[in-house]
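These notes open a run of structures that come right after.
Presented sequentially are two complexes of subunit A, the first with subunit B as partner and the second with subunit C.
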Partner chain A sequence: MKKLKKLLTSKFFITIVWVVMLIAVWELFAFHVENIKRTPENVQPHLSGIVDSLTSDRKINGSQTALQMVIENAKATLTRAGIGYIIGIASGFLLALFMSLSKIVEKTSFPYLMLIQLIPILGMAPIINAITGDIAKSRIIIAAILTFYPVATNTLAGFKSVQREKHELMYSYAANKFQIYTKTMIPACIPYFFTGLKISAPMAITASILVDTLQGGIGLGCLLSQSLKGAMTRYVFWDIVFFSAVIGILSFYIMGIIEIMMCPYRRTGKR
Partner chain B sequence: MIFIVLFCFISFPEQRNINELKGTISMIEHERNDIEIMLDNVGMVYDSADGKEVTALTSVTMDIHKGEFISLLGPSGCGKTTLLRIIADLIHPTSGNVLIGGVSPKDARLKRRYGMVFQSATLYDWRTVIKNIELPLEITHCPKKERHERAMKMLDLVGLSDFADHYPRQLSGGMQQRVGIARALALQPEILLMDEPFSALDEFTREKLHVDLLKIWRKTNKTIIFVTHNIQESVFLSDRICVLSPHPGRLSAIIDVDLPRPRTMDIKDTPEFTALVSKVRNSFEGV
Partner chain C sequence: MLHSKKVRSGVTNIGCPLLFGAALVASWQTGLLHKILKTDEYILPYPMRIIDIMKENSDKIMLNVNASVKVALIGLLLGSVLGYLIAIIATVFPKYGSGGLTIVSAFNAIPIVALAPVFINWTKDVSDIAEERSMAAKILVVTVTSMAAMSVNAYRGLTELPPFSEDLMKTYAAGRLTEFFKLRFPNSVPYIFTALRVSVPGSVIGALVSEYFAEYIIGVGRQIRENILIAQYATAWAYIVTACIIGIVMYAILMLAESIILKACLHRT
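After this line comes the complex of A and B, so read on.
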């Protein structure tokens, strides 16, 4: 009985239940849609159809299969998202550092940072495109902007979480500013920093795909809108939806794994 | 030429500040009397949020000798922590003078004469026990090998050599506090400032740590200033108890504890101990 309870509450089991339930609900609707629509793949195809489209070696644009196309375009999108992500992390961390070093910087910039979050990406994208004059650059910049906010706020929260006693301890050692930051502040904010990274990783990818749809070229979003407009089979659209969902979730977990590798003290021993 | 020399002779004593003279005299007294910390009329007035002035401490005058174990005892609001923080240079008194080994608290801090132990162990949870103790030595740019050796020595002193590579969260509260003490001693300061270090521990652990602390004190000969609100604790540990009373915070009595040393737990059952406890208790005013 106890074993059963343990199994029922284990994380693995819960995940499996969720996945099975989602598949069941999806298929239920797919059957329903199949009965009332002439082109069910436009609304909700069967999962088997989506898998088929990925595994079939039918060339859809003359030279590539669906899977090859998705992967090629994903490479471009993920590269842009990755560059934007890294720029966003660096600038977010630096701003948090400046805000913690200077009250003036914090007072003048922190309340207005939130505004960045309020502007819709699709509204911001054309403006940035107009400024940079290059869609590829603006895609990177948008990913950076979206990464920037969660990283900056969480890192600042991390700096502020340092106990007063730790500051007093460093003071009693007559430590200089540099030592205070390298020995106390930055190590203490690492878990918070990673919270920011975990929040913004899927966001950077989503934003990248979304901004891709604005103009042509190579990228998941471009491919996605072509498929939606009927330039190729609708299954490519579904392939991209699932592919990007998986990548988004993976990016979150990859950050989690890096965090655990960097913070051994968080995983050892009893709480 | 003669004229200039004569002029100097006449004007020099006048130009000297009287305070400066006082300082020089007290410094000389320091050397002679073995006084580590001199508090002269120390007072602290805060501005509260609604603009009123709040007196945290009024005119505390006392001397603390080298190697002495002093308790600052009192209820909350009596200014005992304020007094400790003044000595530690964390806050500046609004009146009076403090001399630590003949210099100001700030100079004493810059010379790293203090070790601080807080109510919570305040360990760095991303550092192992040994790395925690090495932290102050890293700040003073102590070479790596020497750093490790000294930290191990300190760890040995508090009896935790086997736990060098553990992380703080793997230790019990009492062990964590002992690591905190080892870290405070790592820079070999003359003075150990302890702010209610055992108040968060259970009674059994606390009693054990009392005995351990006295052993460490005897081995290292530090001057210890120990803030507490526990009467038994202060009687068991101290040479002298500074009884502080609130509203406004002031020094209401200094009580000598002439119990023999080394002290063991058994001393708590003697009539002398009980008599001292009640003597301390009766010396509070306005609680």
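After this line comes the complex of A and C, so read on.
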């Protein structure tokens, strides 16, 4: 009995209950739509219909099933998002490093780092596409810009979080700049760095999909707009919506897992 | 001595960024930036030209600004109020409430691009006029995106109370409502602003992106795209600059409101 009670109040169980409730609400709404609409899949299909469309082996565009098509396009989109993400992480980290090394760099770039957060970069996607002239490149660039500033600001906050005592200790050890950074500063900033990574992972994916919709070609966004225009069954659209939602949420958690693997010293509570 | 040091740090504080900005604008106006980006003045017009176009089209730009800002503000308001209500419910029922919060914050990770078309489908029957339909869909997108930040932060503000304050309330035999208005709500005010700092820029982005998918063609974001489609790059840049100004002005207003309200709160206690 006690075990059952423990299970009922466990975090895992509560999450499951919520997910089940969400599914129930979705299905109720779907039944309602089914009764009043001629083409319910345009507004809200049953979840079973979406799963069906993913598992069926009916060819949609002559050669590929829906699942194959989504996966092929997702690969293109996610690769570009990934490249942009990595470039953004590297440049964000480097800028934070330079900012902590030099006061002038910090003073010069900090206001702009703040400013860039307020500018709707996603709204600038079409013009970046026009400047680069290459949709693949602009996807990478926008994903990189969106990744860049959360990583830079959070890492900088991490560098600044190092206590004065630690600096004094390193000074008393006669440590040089390189040692100070590798022994205290960089380990201290890692948790902050990962906060930046977690914030920006879904953003990089959003950016990549959005840029896709601007132009034809291969990518989840292109497929999404084609399906919306009626070039193929509407279920492809729903597949993509759910796929990108899952990927967005997963990317956040994957970063959390990598964080735990890379800095196990944060798991001090379990010691 | 101290005084001169202060002046000098003030000079570098303001001087360095200004110098950088001036260098950027100068290289843009002289065409150096075009060489670096390997583009021409057709796609990336000179700053003076963009300003001229903004002056010429100010009426049309204001019309679109109105539409976008309306969407962003209404969505922000709805999302924040809803998010705060969710946080209150989660505080009253802590076990299931915090689980629900996990779900709400998971919504945050869903790309806006996927949300916008879904909401457009859902709001098809709201009105017969395309303008109102699109408006409703856009507002929904902004609402969902700003709800997550508010609910998570407000929940922290409502539950992470100063030590023993809850016990103090108990010794006063305060009811739940009194406890809420005297303790939990004031404690959550700074957290509300933390949430708004995320959701104000987020609401502008949400409004601009959802315009891309909307049926009715209006809004700053949509105009950027439409003008690029017809290769009117200079006009598109005018809208981009406008979008940046919207983002910055809204954030500046938030900062002002925050400093005034937080000061008033501190004064009271």
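For this structure, a couple of remarks:
Just so we're on the same page, the second predicted complex is superposed on the first by the 257 of 271 C-alpha atoms of A that agree within 3 Å, B and C clash if a C-alpha of one lies under 4 Å from a C-alpha of the other, contacts with A are read in each partner's own complex, and residues count from 1 in each chain.
To be clear about the criterion, a residue touches a chain if its C-beta (ideal position, glycine included) is under 8 Å from a C-beta of that chain, and two chains touch if they have at least 3 such contacts.
Keep in mind it's a predicted model, so treat the numbers as computed, not measured.
Contacts of A:Y171 after superposition: subunit B is touched, whereas subunit C is not reached.
By the touch criterion stated above, A:S102 is placed in contact with neither subunit B nor subunit C. Shared-chain residue A:S56: touches no atom of subunit B or subunit C.
In the superposed model, A:I127 makes contact with subunit C only, not with subunit B.
Touching more residues of subunit A than its counterpart among subunit B and subunit C is C. Looking at the shared chain after the overlay, A:L228 reaches subunit C, while subunit B stays out of its contact range.
Shared-chain residue A:L22: touches subunit C; no touch with subunit B.
In the superposed pair of complexes, A:Q117 makes contact with subunit C only, with no contact to subunit B. The touching residues of subunit A, when paired with subunit C in their complex, are 9, 11, 14-15, 17-19, 22, 42-44, 103-104, 107-112, 115, 117-124, 126-127, 129-131, 202, 205-206, 209-210, 213-214, 221, 224, 228, 237, 240-241, 244-245, 248-249, 251-252. Within the complex formed with subunit A, the subunit B residues making contact are 88-90, 109-110, 112, 114-116, 118, 120, 122, 124-127, 135-136, 138-140, 166-167, 169-170, 187.
Partner subunit A is touched in their complex by these residues of subunit C: 12-13, 16-17, 19-21, 37, 39, 43-44, 95-96, 98-100, 102-103, 106, 108-114, 117-118, 121-122, 124, 201, 204-205, 208-209, 212-213, 220-221, 224-225, 228, 233, 236-237, 240, 243-244, 246-248, 250-251.
On the side of subunit A, the complex with subunit B involves touching residues 163, 165-166, 168-175, 179, 183-184, 187-188, 190, 263, 265, 268-271.
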